[in-house]
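The first chain written gets the first letter, and so on, giving A, B, C and D; residue counts start at 1 in each chain.
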Amino acid sequence: MQPIMSVEELDRFFDAEFPQMRQAGGMTLVEIGPGFARMCLPYHPANLRPGGTISGPAMFALADVGLYAAILAHIGPVGLAVTTSLNINFLLKPDPQDLLADCTILKLGKRLAVGEVRIYGRQDGHLVSHATGTYSIPPLAKS
Amino acid sequence: MQPIMSVEELDRFFDAEFPQMRQAGGMTLVEIGPGFARMCLPYHPANLRPGGTISGPAMFALADVGLYAAILAHIGPVGLAVTTSLNINFLLKPDPQDLLADCTILKLGKRLAVGEVRIYGRQDGHLVSHATGTYSIPPLAKS
Amino acid sequence: MQPIMSVEELDRFFDAEFPQMRQAGGMTLVEIGPGFARMCLPYHPANLRPGGTISGPAMFALADVGLYAAILAHIGPVGLAVTTSLNINFLLKPDPQDLLADCTILKLGKRLAVGEVRIYGRQDGHLVSHATGTYSIPPLAKS
Amino acid sequence: MQPIMSVEELDRFFDAEFPQMRQAGGMTLVEIGPGFARMCLPYHPANLRPGGTISGPAMFALADVGLYAAILAHIGPVGLAVTTSLNINFLLKPDPQDLLADCTILKLGKRLAVGEVRIYGRQDGHLVSHATGTYSIPPLAKS
């Protein structure tokens, strides 16, 4: 499994297609590798919930966009690939800090891709949530 | 299963504890009933993704906050109840419109609550996503 | 959504393709309707776990086969439709009794079908588990 | 995270509490380590489905029992720990062969444990399914 898009190419794609990612609470793509992407959610007050912890929806978005980036990196800039399901387990309330999401592709089929995400604190390294997601790949992708 | 908080009481709780819900893309609680809550995600450009459809994270947040409201309505304003897991299936790309989330409690135990959410378009009534979530209830709740 | 196979036709299909369903602990198809199937897991000691309750894997199998029957009833006897994911929440330890699974199709697309299952006791009616499953439909089905 | 039970102690526990595991299609515990258990599902015709592949419910049971073993190895022989939810993704139809399940604990809390399972062929090493599960730990455990 070899990526065919670089971090810079994916950044340009996300800038054009998902400009809201660059707003407050926006994520940045840190690294692309074989079957892999690392995404960062910078610490920002808008992503907090009571108790000062980072909100579930912010972590869901991090996992979803991170897996999406991992898949696009391997199939090319297909705007119409869509999430069909995502399961997330919240393990620990993260302390206020940047979160990193390590996204690994488990399956890259013709019609479906499945991946796994581990989200952990950039400072303390604690695993705070774990997700698995499934993405539908449109028929013309990978051609 | 009878609710012990009204829509107005929950609104005050969310205003105090989750002010970010009232921002752009913010949700409103429409109805509370036995084992039930209905939440609305008003149509807003910030929640869109490529193709003009409503983003997955926006629907995740709607399901999560809706189930949270349904549970709090039955156990009281416990800020420390937390989502432990959420599984969401995206069924259909919604046309641009308000989305409603019908949230039903499947189990309300001493330590865990489980619920189901159906998200559908306010105008066309089409089911666009379905979620199930689990919430941990802190030991002092329900006393 | 109208079924195109009857209970009897599905029974013959399962007898030919899944003979192990008829063994101890085997399930029976009770009813087919629009977007719907009801499956029964008869009470049998082989499905028990410590405490006399019915095992999780037995309920998983009930949900999976029930949804599979619901989908086949609407697309025809396609032996190669496969489960791509299944999420199950165990809500209550069932008392020893037959279990019924009400299986509802949430989406019947060309490539993916998604459904929901409620499993409850035939005698006491208590909801004991809830599942959602996704099935991949092979390209030649529905023709 | 250090295990407090050996493979032999867990085997005795399973023999006493889950004798059905030893029947046809039964699983064997291969290894216990820090935060980890490896379970084996021997190849057996009773676990097959159409096309000669291993059935989903057999893989569900493997993941569930494997995670259960991993957790018990760390908290002691608590018969009443129960699965609260399990999510499984089926990635590839396995060729007929023994399956191994590598079960890793992601969180071991006072009330909930969460773990992840990778199931792969013993001969070809291909990843065939991936699961995450949540287990409720009774109040008296870990004392």
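Methods note: a contact is a pair of C-beta atoms (placed from the backbone, for glycine too) under 8 Å apart; a residue touches a chain by one contact, two chains touch by 3 or more.
Bear in mind the structure is a predicted one, so any value in this text is a computation, not a measurement.
Ranking C-D and B-D by contacting C-beta pairs places C-D first. One copy, chain A, sits rotated relative to the other, chain D; on C-alpha atoms the angle is 180 degrees to the nearest 5.
Ranked by distance of CA centroids from chain A, the top chain is C. Centroids built from CA atoms put chain D at 28 Å from chain A. Distance between chain centres (mean CA atoms), chain B to chain D: 33 Å.
Chain C and chain D have Cα centroids lying 23 Å from one another. Residue positions 84-85, 87, 89, 114, 134 of chain D each touch two or more of the other chains. On the side of chain D, the complex with chain C involves touching residues 17-18, 20, 46, 48-51, 55-57, 60-61, 64, 79-80, 82-90, 93. Contact residues on chain B toward chain C in their complex (touch as defined above): 87, 89, 91-92, 106-107, 114, 116, 127, 130, 132, 134. The part of chain D that touches chain B in the complex is made up of residues 84-85, 87, 111-112, 114, 134, 136.
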